[in-house]
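What follows is a pair of complexes built around chain A, which joins chain B in one and chain C in the other.
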Partner chain A sequence: MTTMEKAHAPILKVGNAAISYETRYGDVEAVRDVSFEVHRAETFGVVGESGCGKSTVAFGIVDFLGANGKIVGGSIKFQGRELVGRSEDELRKLRGDQISMVYQDPMQALNPSVSIGDQLAEVLTVHRDMPKQEAWRKSIDMLNRVYMPDSANVMSRYPHQISGGQQQRVVIAMALLNNPALLIMDEPTTALDVTVEAVVLDLIEDLKRDFDTAIVYITHDLGVVARVCNHVGVMYAGEMVEVGSVESIYKRPLHPYTQGLMRCVPKLGATKESSILYPIRGRVPAPKDRPTGACVFAPRCDYATDCCYSEKPSLREIEEGHRARCFYSEEIDAGAWRPPKGLVPELALGAEEEGQEPIIRVQDLQTYYTQESKALLSLVGAGEKRYVKAVDEVSLEVPPGKTLGVVGESGCGKSTLAKTIIGLETPRGGEADFLGFDITKPVSERDVKLIRELQMVFQNPDSTMNPSYTVGHQIGRPLRRFNAVPPSEVRDEVVRLLNAVRLDESYYKRLPRQLSGGEKQRVGIARAFASRPDLVLCDEPVSALDVSVQAAVLNLLMEIQQEYGTTMMFIAHDLSVVRFFSDYVAVMYLGHIVEIGPAEAIYAPPYQPYTEALLSAVPIPDPTAEQKHIRLSGTVPSALHPPSGCVFHTRCPRRDMLPDGGKICEEKAPPWQYNTDEHRIYCHIPLDELRQMDPVVTTD
Partner chain B sequence: MFVRDYMTRHPVMVDPGMSIVEAQGIMAETHVRHLPVVGKGKQLMGLVTRERMRIPPTELASLNVWEITRLLSNMTVEDVMVRGENVITTEPDLALEQAAQEMIEHKIGSLPVMEDNVVVGIITEIDMMAQLTALLGGTVAGVRATVRMPNRKGELAKVTGAISKQGWGIYASGGVPTPKDPDHWDCVFKVRDVPQAELLAVLQGIEGHEVIDIR
Partner chain C sequence: MAVSEKAMPKAAAQPSRLKKLWEGMSIIFESKIAVIGLVIILFWIFVAIFAPLLTPYTATEQDYTAQNQGPSAKHPLGTDSLGRDLWARLIYGARVVLVMLPVTDKFWLPLGTAIWGVLLGLLAGSTLGLMGGYLGGWVDEVVMRLLDAMMAFPVVLLYMIIIAAVGASATNVVLAIAIVGTPGIARLVRSLTLDIRTRDYVRAAEVRGESPWYIMFVEILPNARGPIIVDAMLRVGYAIFAMGTLGFLGLGLPPPSPDWGSMVAKGRQYILSGSPWAALWPSVAIGSLVVGLNLFADGLSEESTRYQ
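Let's turn to the complex of A and B:
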């Protein structure tokens, strides 16, 4: 029976809020003119790139702005009550009783030195004066509610003893203990693996339904928004540029910025062409550099006219319940958009050379980390040694000029594989051959010529650059080291490399701290390509970057690859990023490759069950897309004691397809089944049955 | 049909120390008529309603405009609320009609819903009406027929049998004893996707039953 919609006032109503930070340059307005409403059992998503003021809005609601932040205008009403100008005491009471928050990093929200049970129970004993025992019991109930396995035991553990996904569940449980009317979640799943993220997002949906909680959900990920939100506000440079229901925004984005965001989000497109990423040129201005009296997005907008620079558009209602801050929303047809010249590299298709010898060939590679046992004997070196099998029996090959994407959850050994190939780890067994060189030796014993041909781009550009050397010096270093060019020409070569990554000569003398994240990663790429290597290993090069920057960096990598004919191995934690980038994809789980083949084959049946689960966990930025609902239970088992038989059997959702509930999976390692010559699957389930499965994602 | 399904979770609540001017503002802003008053940890301390906020005209008549302002600005929610032990409350797991019974008995418009001494919701007359409307299928399109039948076992089954025999489905129904006639019983049926005349013909074919209204 459907209940009637009761006319309720919103739980939270933000009207024309403006928030400033006091800085050396005077007051800087971080957020201005932001308005939205959140109702019961409804999720309002706030999306945008970093530096757009999303988190400032969240903190502003409860006045957690820090010493230099203040709300300078507008109103924030919670249940009809004005929050702006409340005393610290009143706010504290509200925060405890009626408003809760969940932040990005669960480890920072939990006290590492207090057991989980004590931390949870404290919420009830402090706010409600509940007796300790009862609070303990209630806390266990709540842990069960967030699907925490073995909840009674978890209570006595410390935060570091449980996994990241479980920590985030504890934080969510803690936030819900007081049954808050409003829950503010600031990127709660960003730090989690896709498979864990999928489970946490499901949980948030369930809790919203059961507790009628109003949720403000802050994220940069349009896929997540499509999965959990009812309404969305898109923020750009401190302003809300578009507000509407999730369906209307995805169906017809009205603001050029929203349209741009949609184009630069990796999708699980059916074809390679449909997964091309189009970056938004330029970048988000710093709060003090924002244009005043003009459209904030005009400098990056493809449709901007003189009017956009001289007048500020207001947030207008364009369709019912769908507002946008643009003069031309009615006229712009996002479907007719064509990328400006030079925004994306031309995809050099064709010219397929058959039967090329692979440039790198890895056979049964094993990299183990030794762990000393805790027994006394080990002090004298006589203890039993145990091994963390980080990479086990990995075989792969990559033809020259192609890209292999390596995908898997954290802890599956993909980074160790990269480190072994580059020589930072020494393999325990197996063969690895690169251009005829044996690359099982550590980097210190390698020939300079070999090192020159094998370079790496790292995940975090901040920690890979020396903060006290200039950009030019750092890019020049490999040139000098490998004598790539005569010393007199180093500077010219560096400038040429800078140009190749779309940075001008003025960057030569800059220090890393003067660069944005995207620029640093470009410098990292320039440095990796400086010695003209034959193989570049990219370890999650874009996961620390914003979506619009991410698209630009990916396109850049691809362009350089085409120019130099470089071979690449591209490591990523989710399948959407590598989709358009890779020619081949390898899926790793617990040190093993479980499926490897040409990219197209990976994204269509037959799937290895783990690939299928990964695909079904990827958030898709399209609320109408149909996606199979497969969730992996538990976490990746410890590589110290990998499961017997098939390593995936403890979590495999498809085991039931085999007789005896998949008894064979526990007992025997599965065979490699060849779907085609290049596409092989590591599974006991017969290929014919795997082929009959439906595709994971279907879009209209 | 329990209180927990029809109550409003996360009701708008106020502190005892809040001025009544502000409380009045909150009522206007959120369109609610009943505000549970809560202390630390959402523990119930009282209830204010619009009626409670009214100052008796006799008292007002003797005051000038300045005195009224002072009177209002000094008054807090605590001064006007129904105090803790006098507030009638209910629980989430109670059947809806039991809660309604309480409201009728005490002639009140709302019941705060309590769980572990904490306010988890509020249920009001409006929620009851919503339930009544839903019970009789008031919000969906269809043919609504009222049938008067003898107060005997098995009579209702005749109607449901006749309707299901046609392959139709009853969306909602409800029955009460005919007012001032203990021998009969009035039942309302909401049937969807059916022509009115056909339904009427079928219902009229049942012996001893009278269709007193169809719309």
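Let's turn to the complex of A and C:
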């Protein structure tokens, strides 16, 4: 092999790999017929929904398949050498320290009882027999290269003393210390907040350039792929259905599954109409139910013909460097696709009724958590009490039948706000009024009439249902408790509710463990709407779901809302989802609402600087979209000691627009500036200057 | 993996109750040690129920011509110092432990002394544990500190204090087992409650304005049943052991009832004089039953965590 050829040889070449797991039901093929290659200084993205075998591919490369997993076919070549079929010892020698992995949760990848410096230096002292001092010095260098602020000091700290984004940077630094030829990243930013994610993604971009490393990047997020990857492989039900460069896949997706995925990802579009989501019918089949000798996607495909059920398409080249596993890739055109009837609800657009009295009105609401000081005095109740100001001076109104989206990073108080309104936390001050009832009282002191009008949809599909009772029993419980219907009609009403969330009667007797995540969430929605409440609070109802399921659940929520005329508060961290779902949006930071107004107004200038930073951090599933590059420095301050003046001043990228570098921001709380009657911004910068800014996202 | 995502085929969506029960039971047969444990337990339950059919003697029938004998055709396990048949005493003794609780001379309840003791302990312990874990605050402090104080006593001492205070009878042994078992059960239930109370379905119940008692017993307790059942199995073993100890110390069932503990106590005088049988068999009985229950509980917990 000449040097020239060697430079062009792929670092990793996977050919027709098949991996199966031994289970109680016999061997189950989790991944089959997967082929791709990754070159030097290139990022290959593997995308797909959960259960499609993405992680199995990653673990297959390093042979970490556990006791019951094994590679049953194909080849995996690393730097030209075959990895499949070798013994454990040989593999270790071949791979050496040439392959590194970065996992999803940095807190679990770092040892909490060893200082960061020791953990980093250990990589070099153990693998490279480097003297300790040199290893220490190199580790600091590496931390600098991953842009760790104050790197020398960070070395002596422990993992829990630095923020999540910094932890992930340490993990990446650790992976890079050996200068690996291949880096495998398994959802490295999924556990991080959007502003932190943006910084880590920037870092990953730089890594390929600086380190000449080949990266296999596994994620479910099409926006992230568009930002960091050069090539993409789309996986569905254990197979690679489409492979190509990022530009070609996003511009012209060739496989119906890829096209479907693109349609159900919320986009940061300009209007509500352009943000409609089209879910994919059905769901990903379990590994043991996958068809053999047929196209795995056929049951969910709009273009499927008899041929798709009787013959298995191969991954063939359709354009140069762009392959798809479909018989009809040349003919189908994503642009000409029209949604089948009944896939999405009719949006009642333009039916604006002006001047409606708000159904809920919150004024200067404060919810503090007390934290007793550790002093001995506090034992007798005389100690100094400190407050975590989870929600501070929040005011908002929602007109009936509308949706207010509440967005913000984790720890900004959005969940506490929901808990306060629903009555699980008691506010310390302020007023809250709902339908003429005072709702500052805890739920135990509220009237049953009020309780039935205020219900909630929860985040985690796995814990939203009590595993001990059937679906029918759990939806029926609020009906019985609130006497919503006579006892003899409970069953019929439950079936009606099940139908309303698109589940048939056979679900009545099922237990939660027999349902998929999306189905559980539907049952949770049916339960919340059972008592016909006037206000439903949704606390991140779709954040744990796959994109195609998420689209279906969102559409369903919207449809039910229109049918029942329910008002909603929709709490989410995903700005694209909120954009699609809400009429009004409130942006929260550290317990305060910093901007509130109609959705269109929030996503266009004038922006509150925090809103602007959030918007510019959102990964957009379109490699051609132009997005402003604003990154927040530092971490969210503790709500125990919120910054003086404007709570955002410690991280605000726009302070320089004010005289004296924004001295006033530290000293004085900003005023509410009214852009329109409904749209107000919490900032010192004059509205005129904010108005002159460019929009964050521009697509063509 | 995606196995849980699997769609249930229509036909299998509503299996009959019997089939469901069988599927639940089949988990036991996955584990060898659980099966061994179950066989031992079932053996003792079987001989206890059918005791009158399995021996021609009664537990108190004395044969002065045959004292302290070894196993023979007439007396399969031998006899004790009063010439009573050991096999008969052993299996009638198993009745008190496993299948019946004599309340008075005439009146008895089904399920044995050990089982009743554990059940009462479960009732009290679960209630206290749920209250401590769910209500929290000062209720938790008061309840848990009181139980801690109880746990500070050595178990045997606590048994002796209780029996000495209320007198030796089967019902009082039940009471003693329940009281001594309560703190441990309460601790277990409390820790399970602390975990389960954070689930969204508990919040959903709170949002519906359900009463704390409804949430504790209807929403939380059923989901803690797995570990509680396994713990209860082990506790039946401890209870049998405790009954043996009490009997040995003379605080068990009053003589001449066939109590395994008092059989050992009486029989041990004759071990050195060449008749170990009267002490040996009840010891084997207690040992095997405790080991059986432990194996069963271990196997059960292993299998149930594996397929969660």
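Here is the rule we use: the second predicted complex is superposed on the first by the 686 of 700 C-alpha atoms of A that agree within 3 Å, B and C clash if a C-alpha of one lies under 4 Å from a C-alpha of the other, contacts with A are read in each partner's own complex, and residues count from 1 in each chain.
In the analysis below, a contact is a pair of C-beta atoms (placed from the backbone, for glycine too) under 8 Å apart; a residue touches a chain by one contact, two chains touch by 3 or more.
Every value quoted in this text rests on a predicted model; they were computed, and no experiment measured them.
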item: First, second, both or neither for A:Ser506, with chain B first and chain C second; value: second
item: First (chain B), second (chain C), both or neither touched by A:Arg283; value: second
item: First (chain B), second (chain C), both or neither touched by A:Arg477; value: second
item: Which superposed partner A:Thr292 touches (first chain B, second chain C, both, neither); value: neither
item: First, second, both or neither for A:Asn466, with chain B first and chain C second; value: second
item: First, second, both or neither for A:Gln692, with chain B first and chain C second; value: neither
item: Touched chain A residues, chain B compared with chain C; value: C
item: Contacts of A:Thr676 with chain B and chain C, given as first, second, both or neither; value: neither
item: Contact residues of chain A, present in both the chain B and the chain C interface; value: none
item: Chain A to chain B touching residues, read off their complex; value: 1-4, 6-9, 11, 40, 77, 79-81, 90, 93, 96-98, 127-130, 178-181, 211-214
item: Contact footprint of chain C on chain A as seen in their complex; value: 21, 23-24, 28, 30, 50-51, 283-284, 286-289, 422-424, 443-444, 446, 448, 451, 454-456, 458-460, 463-469, 474, 477-478, 481-482, 506, 509-510, 513-514, 516-517, 524, 527-528
item: For the chain B and chain A complex, residues of the former touching the latter; value: 5-6, 8-10, 12-15, 22, 25-27, 29-32, 38, 40-43, 116-118, 120, 126-127, 130, 133-134, 139-140, 172
item: Touching residues on chain C, where the partner in the complex is chain A; value: 1-8, 10, 13-14, 199-201, 203-204, 206-210, 219, 222-223, 225, 307
